[in-house]
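Both complexes shown next keep chain A, but they swap its partner, so chain B is in the first and chain C is in the second.
Entry: the complex of A and B
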């Protein structure tokens, strides 16, 4: 058991350093990894939304899924399963994304924003914890999306294959795939494909091995006083922070900027930063894991998680098509309404799936 | 001896079911799970509660025998 904690701490340190390094290699600031942003960029590249500033097939996503998939195959943990309330998971995924795009980042990027000195993410963290507590409230009252079932190998393999197709589309870059123009916004800022892909593969494998989950850490600490996953969360925060300081010292550029204003791809509306992450945290507990964990599980053949990822991508498309996503200028009125609707939907899903005795 | 069937459920549900069942304070339990993460998590939780855990594979599933 001690060994397990050392492994996840070590994995967290490596992941934090890789995340810091990805910014050095070209990713947007405090965005070495952001599952929400990267799925959003991928949705945009596929033309599911037309926000020209955020369109790019992010190789990190492809790498995360395939890294998890490869290690799961090696360890004989690749087990196609599914059938546990897929439509509910799709809807939860949509609203988790809408919450994330209110805040401008998934739980993973929230940690990286903290590590980069972005104090707006403190509000995000407060909301995130509150959202997780709301989820735990329902878990304690018997919340469940019921069991999953064994699926065909082809069913489980389909999502990793989709990622390979995305990689081909990225490399071939046909005219129907949209890429943000140079200097046209966050979508234009990215590390070289091979670096992004390698980073994703390594982090995907480490996350598969350690079951790393940003939501699971706080959830398990509250539910069971079990701190394994929280150690991973803390290790990423510390190592990305140290990584940023090292990069600042070595390159002379600023990778750590403490404060609320002037933060990259962030806004300063504390209340809505908190509410966005609260919705994301709540929804993720109901999904059984953060967006990163959903990608890793989908790589292991979990088709329920694959459906959740499709929900996340659809949520991103909706967020940009309907003007829900925040920008550096702050949240939008439409976005606020969508987050409130999200709370209602997520509460109803939580309540209707709680309180029944297992048949 | 109580048997907890947590097959098909993803964490944390198997651990919550185990936790609720352990509240009855018996000396032995059996927990059925079907994925490695649940096996690890239930084993870890039961060990923290002072149970010895013996895991065996049963086809696609894992049978965890908890003993105090």
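Entry: the complex of A and C
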């Protein structure tokens, strides 16, 4: 399966370069892609939270789902399925988002922050690996959310249709949709819609083809000594790093800044950076994939993943409404309490859905 | 001996089936599902058996079983939906 490794590595290189390019075209620094941030922005645009600095319907999210959906339809891999503990997945999604917003980024952005020289993300990576190991601990003890079932085509198609509706709302920009004012925060920084949408479509299709998953790479390496997905992880890191260096050289602007301080949309509290990503990694293993993977699976018709995405969006709304999300000033007291509660909830879900007697 | 791959609805189902194979004396390894078999990213069991009559009892977590024939997959069992 040497060819599969090459395909995954190639996809990782393309995705890393696209992520770097999106920053050049207007996205916030080290945020060419961030599934957590972009779902949070979309939640804000829909009025689910009122943090004025982070409100925008991100076309990258729409593109990711539709790119996956289109390729799955072309390859006859669009298979509507669901019914595997949807409420549990919704709750896990909520706490994954709370962990991500403690760190200020999803696992995908963690890689991009590393590629941009943000050393705070090293703490995030350490926590992320620890969280995945915690999830693997329960997988080995029989953790399961039970099987999924075949669903009607309309059920599987509904989530991609929701994304199309979001695209219409973005283009029409009716008064009830909230957009961050110019210079009002990260929500105001974005590439042109057509560029963001195209980037999402390409990355969504590549991720569907390769099953790229930030959690899956480390999980498979630990469980099976299988490093294929990890190659994609590494390829994104290296290509985004090279892309940042090239952009710095060509434009004269800074796309790579090595250090802990002065990083964009980041804080320097190492402990809570690590704990936030640990919660995210733990929850993602229990969900069966990172936030990017949930979007891609939802595009393939997996309604359990669609429910997890709705959980992520709700988690973002809760994080901003309850003052849980970190900022450049650091984590909040409420956020720390929420992450601790998150660990308790995720541990209870993992334990109650594990049974060692047969495994 | 033929080579088979069983896919599952959960990692737990794969672990159980692999143990059942080993207890029946069938060589079995647990691994990620090959991309050419499925777009899902779950766990599968690759095992060897003389024939289908030698399989361990199928658990409810089994999604499908295929026989590998020169890089191709021939489906021999699919769970009822």
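Criterion: the second predicted complex is superposed on the first by the 355 of 359 C-alpha atoms of A that agree within 3 Å, B and C clash if a C-alpha of one lies under 4 Å from a C-alpha of the other, contacts with A are read in each partner's own complex, and residues count from 1 in each chain.
We take it that contacts are C-beta pairs under 8 Å (C-beta built on N, C-alpha and C of every residue); 3 or more make two chains touch, one makes a residue touch a chain.
Source: prediction; values computed, not measured.
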item: Three-chain arrangement built on chain A, chain B and chain C clash or fit; value: clash
item: Chain C versus chain B, contacts on chain A by residue; value: C
item: First, second, both or neither for A:109, with chain B first and chain C second; value: neither
item: Which of chain B and chain C A:320 touches, first, second, both or neither; value: neither
item: Which superposed partner A:189 touches (first chain B, second chain C, both, neither); value: neither
item: On chain A, the residue positions that both chain B and chain C contact, one per complex; value: 1, 4, 77, 84, 139-140, 144, 146-150, 211, 216, 220, 223-224, 226, 228, 288, 358
item: Chain C residues touching chain A - in the complex, by the definition given at the top; value: 9-13, 15-16, 19, 30-32, 34-35, 39-43, 60-61, 63, 81
item: Residues of chain A defined as touching chain B within the complex; value: 1, 4, 77, 79, 81, 84, 139-140, 144, 146-150, 211, 216, 219-220, 223-224, 226, 228, 288, 358
item: Residues of chain B touching chain A in the complex; value: 7-13, 15-17, 19, 34-37, 40-41, 44-45, 47-48, 60
item: Partner chain C, residues of chain A touching it in the complex; value: 1, 4, 72, 75, 77, 84, 139-140, 142-150, 208, 210-211, 213, 216, 220, 223-224, 226, 228-229, 288-289, 293, 300, 355, 358-359
